[in-house]
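Chain naming follows the written order as A, B and C, and within any one chain the residues start at number 1.
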Amino acid sequence: MRARAVAIAAAVAMLAPALAQDRSVLVASTTSTQDSGLFGHILPIFKAKTGIEVKVLAQGSGQALDTGRRGDADVVFVHARPAEEKFVADGFGVKRNPVMYNDFVLIGPSGDPAGVKGTKDIVAALAAIRAAGASFISRGDKSGTHQAELALWKIAGIDIASARGPWYKEIGQGMGAALNAAAASNGYVLADRGTWISFKNRGDLVIAVEGDRRLFNQYGVILVNPAKHPHVKKDLGQAFIDWLISPDGQKAIADYKINGQQLFFPNATVPGA
Amino acid sequence: MRAPASDLPIVFEQASVVVRGVAILERISLSLDPGAPTVVIGPNGAGKTTLFRLAAALIMPTSGRVSWGGKAVTDGRRLAMVFQRPVMLRRSAAANVAYGLTEVARSARPARVQQLLELVGLADLARRPARRLSGGEQQRLALARALARAPEVLFLDEPTASLDPAATKAVEDIVRAVAATGVKVVISTQNLGQARRLAGDLVFMLRGGVHGRAPTEQFFAAPPTPEAAAFLRGDIVI
Amino acid sequence: MSDGASAFDLLFSGDPALLAIVGLSLAVSLAATVLAAVVALPLGAALALVRFPGRGALIVILNALMGLPPVVVGLAAYLLLSRSGPLGFLGILFTPEAMVTAQAVLVLPIIAALTRQTIEDFWVEYRDELTALRVSPARRVATLIWDARFSLFTAVLAGFGRAAAEVGTVMIVGGNIEGFTRVMTTAIALETSKGDLALAIGLGVVLLALIVAVNAIAGGVRRLGEIHAG
């Protein structure tokens, strides 16, 4: 008698996760977005409104898109527009919806060995860093931040693959780790403003360059294509996407502040974003 | 229901045991008959232990035959062996004895364990972890464990070799009591005094062979072979 | 300095996030160890007692597998369990179930190899007696396992210690999802990379305490075994 009760309880316990997952959706996003604390702010609002639990898998943009390609997530929410458009074009995603943007800032030591502090031209700053051989930390992990950094080197006319030397350090890790490395080695690093504001281990680092339009970082959200992966939770995933680009979702994003500063600027309705 | 067939006499016919080219036992022809204890004497390396293993059906001869009560095979249930250095299970003394009581009904076991422990004088130590008993106590416990199987034949391989005189006497008293109940006891020893005290008949072994066999008094009075005579004199027989 | 102080605040205030992480870590590693033990104990005993061709090679391989790098196990599990992989239909990637399974794979060789060694040592000691007592093969196995129970429990504890302390497997296969697959080791890695050292230190202290406790229990069990062994 007791054995049967135990068996039933065990079976229910094993089913419980499966049942709970019916109202949950897995979103592959980036470490910098998670580290900024945005999800901690907007997801409870979404859950209160719809009862849907959003689980966030924080990876680099490259890895997040790969996770979507493999069908291991329901939604992809990253900031790497060319890669996102290719993702959709290749049939792995249904549609790319712009959501918001934040900006990158160039962080550097307060001693400023390359003499770039306070300039408004990121491209000139990078060229100066290269010329001075000042220490520069790169994420090197195919993330959106890394891809933005590479694009800027290209605009500066520097072929980073051949120009790299001991001054250029690729760490293959997330934004927090890159900032830690910059603090430890008195180096420059390109960071998203959100991670910078919430980063606690600043040491001697300050913002060296900001405000250049080329530093703006656009986010897009994409439903993984159920045609390629039939198990994808398309209704729940679409509900999340619809909310993100709705006035409610956009307001929740804009309301997220650290130290009174807004980090993310919603632009779902801006054409061409 | 167990068949009433007996495993005695144990008869060796030209039995040899060869291990890695070395003849441990060479063409043994011998009969172990029911009755008074048989003592096997001889120096180290004579092959006494191997003879016992063969007789207890723990090993097979490489040539020749061994038979038990006329049968070519035995399931060994009526044969019990106590090794020179017995190994106790990591349990209490009583549990070790109970381990051999598979043939006895569960309800009857505690009484039987108590009986056996009293026989070997260890009733007070029933609860003690068996491995914390002294050498002599473990030897007696091994005896009780072997007797738990109610064997027909009990082999004891140099049971008192490492014991002090008091412990030796205790073991010999138990052996005499056991033999008196009708169990055939086969004992090996290097101690001539023990042989004299316990044996009905003596078997003298040397270099893997039997070099003399006779009832005890006769053996001492008129040794059957020159080697036996030399051994009795106290010579080192190589 | 302030990180350390706030770490202790977190620890003693019973911060729910921290408790959830600790609870999940214990649940995953315990479940993985039990799962592994259920397979590894009989496997180790069989390997110790049964002679078959290739046994020697299998023992060498099993001993080598004790050193399986956790990240490699994580990677292999990830490739197998991904929706694009052969076991994708199970749909358990990035869930605690996958973490338990992968950790069980990591821990199984440890328990099996230690069991094999223990049972073999006990068999060498008990062989003559158990043979002379005409004990059936089934009873022999049961006797060896029971008499070796303290050593075997220590082997299982060793497996648990390995599971609780590793980060590579659960990171790759679990995805470190907040509130769902985040355990002590992955949380420490994450918080450190964010520069938020208070939580990392707090969890580090808890993890250390757990490992110390496991070793203390192992020592106590060994001593218990010695009392019985005499």
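Definition applied: contacts are C-beta pairs under 8 Å (C-beta built on N, C-alpha and C of every residue); 3 or more make two chains touch, one makes a residue touch a chain.
Bear in mind that the values here come from a model prediction, so they are computed numbers and not experimental data.
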{"item": "Identity of the most central chain, Cα criterion", "value": "C"}
{"item": "Farthest chain relative to chain C (centres taken as mean CA coordinates)", "value": "B"}
{"item": "For chain A paired with chain C, centre-to-centre distance based on mean C-alpha positions, whole Å", "value": "34"}
{"item": "Euclidean distance of C-alpha centroids - chain A vs chain B, Å", "value": "81"}
{"item": "Intercentroid distance (Cα basis), chain C paired with chain B, Å", "value": "48"}
{"item": "Touch list for chain B against partner chain C, complex", "value": "56, 58, 75-77, 80-81, 83, 86-87, 89-91, 99-100, 129-133, 145, 149"}
{"item": "Residue ranges of chain C in contact with chain A within the complex", "value": "82-85, 88, 91, 93-97, 175-180, 192-197"}
{"item": "Of chain C, residues touching chain B in the complex", "value": "125-126, 128-129, 131-134, 143, 147, 225, 227-230"}
{"item": "Chain C partner contacts - residues on chain A that touch it in the complex", "value": "17, 26, 34-35, 39, 55-59, 69-72, 173-174, 176-177, 179-180, 198-201, 229, 231"}
